[in-house]
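Per-chain residue numbering starts at 1, and chain names A, B and C are given in the order in which the chains are listed.
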Amino acid sequence: MKFYQYSISLNKPRGFHLITDLVVRATTHLNSVSVGMMQVFIQHTSASLTINENADPTVRKDFETFFNKMVPSDFPDFIHTYEGLDDMPAHLKSSILGSSVQIPINNGELCLGTWQGIYFCEHRDFGGNRNLIITIWGN
Amino acid sequence: MKFYQYSISLNKPRGFHLITDLVVRATTHLNSVSVGMMQVFIQHTSASLTINENADPTVRKDFETFFNKMVPSDFPDFIHTYEGLDDMPAHLKSSILGSSVQIPINNGELCLGTWQGIYFCEHRDFGGNRNLIITIWGN
Amino acid sequence: MKFYQYSISLNKPRGFHLITDLVVRATTHLNSVSVGMMQVFIQHTSASLTINENADPTVRKDFETFFNKMVPSDFPDFIHTYEGLDDMPAHLKSSILGSSVQIPINNGELCLGTWQGIYFCEHRDFGGNRNLIITIWGN
């Protein structure tokens, strides 16, 4: 069985960003896997990963707008506030969206649907560098 | 190591649907895996998968009611609206719930708890056909 | 390929609990995996697992406060109420957060970021014993 692991680093402004191409370029052994699985994992708790629409950038804008409304930075009952008003909402969004995505591999390619892409979701105002671990395995 | 992949297609009305039996029937090599893992992946961005209570249908009704309240179709700040009022909420619900579930396999069976079932979550009014990729691997 | 599976049982009060050390102690073959993956799966539908900040306990308190506000027990439209007011919110939180986490393994250790820990999230007032299945695989 094949098992490969890669590490990449990102630095993006707050918001939702399409990173499918970046991930595929980093997984240099992807085309040697005939049936398998890919996981992308983010090593942080105030940024996250998800899969969503890869075409219209307004979808990603609406994600940012909606999540800011759903998890408001002025929620009056937060007690973990000393790292900034954007910190606790970032932790919550990170767990709601998740810290990894798993995508099946077939014939050396990701089995993404036509409209699916991988989103990197930066929830902090100044998140800095973010490390991602990509793991692929299969036959 | 064994690696098997299956593809199934669904067409269900908007709402939350139990698909455990359908998934198990499709994975014809499940009983040959002694220790392993199953992933079910949906190739769409306005429908999703999750694991929840497999017994009382009112739970699935309450899921639909609650998610419609949590992600309202009349949210005034959405800008991605040209695909219908049910489209942007469907994208958001899809990322909140997730596009895959992973379930351990032991002795040829899924390690689901007594009350656990796999939900297929159709978030659009007329979602049409939805493709699922099921992958199992193990020894 | 190596494939190991472990089962552990937990009984914790309602709230968010850090269980990284417990999980690592249970996976006795972890240090024999050079490149691989770990999954932790919870066999229940009113408790969940997520990854978040492992340092300040106020983060976990804010998780409990915020999720109780986001999924209120007095939501007037719930029809699945006969198992108690904390039951339906527990099912919803469970699907929003998810029933499993997957963490890459490198050189016999989990690839968690500095601030990442595994949370066990008990959403019921009296959840009782909860079973977790931990699976690791790799080379």
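Everything that follows uses one rule, which is that a residue touches a chain if its C-beta (ideal position, glycine included) is under 8 Å from a C-beta of that chain, and two chains touch if they have at least 3 such contacts.
Not measured: the values here are computed from a predicted model.
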{"item": "Contact distance in steps, from subunit A to subunit C", "value": "1"}
{"item": "Same or different residue numbers at the subunit B/subunit C copy interface, by half rule", "value": "different"}
{"item": "Whole-Å gap separating subunit B and subunit C, where each centre is the average of the chain's CA atoms", "value": "19"}
{"item": "Residues of subunit B touching at least two other chains", "value": "1, 70, 96, 98, 102, 137"}
{"item": "Footprint of subunit A on subunit B - complex, ascending", "value": "1, 3-5, 39, 41-45, 70-71, 75, 77-80, 88, 91-92, 94-96, 98-100, 102, 131, 133, 135, 137"}
{"item": "Subunit B-touching residues of subunit A, taken from the complex the two chains share", "value": "1, 35-37, 50-53, 56, 58-59, 61-63, 65-66, 69-70, 96-98, 101-104, 106, 111-116, 119, 137-139"}
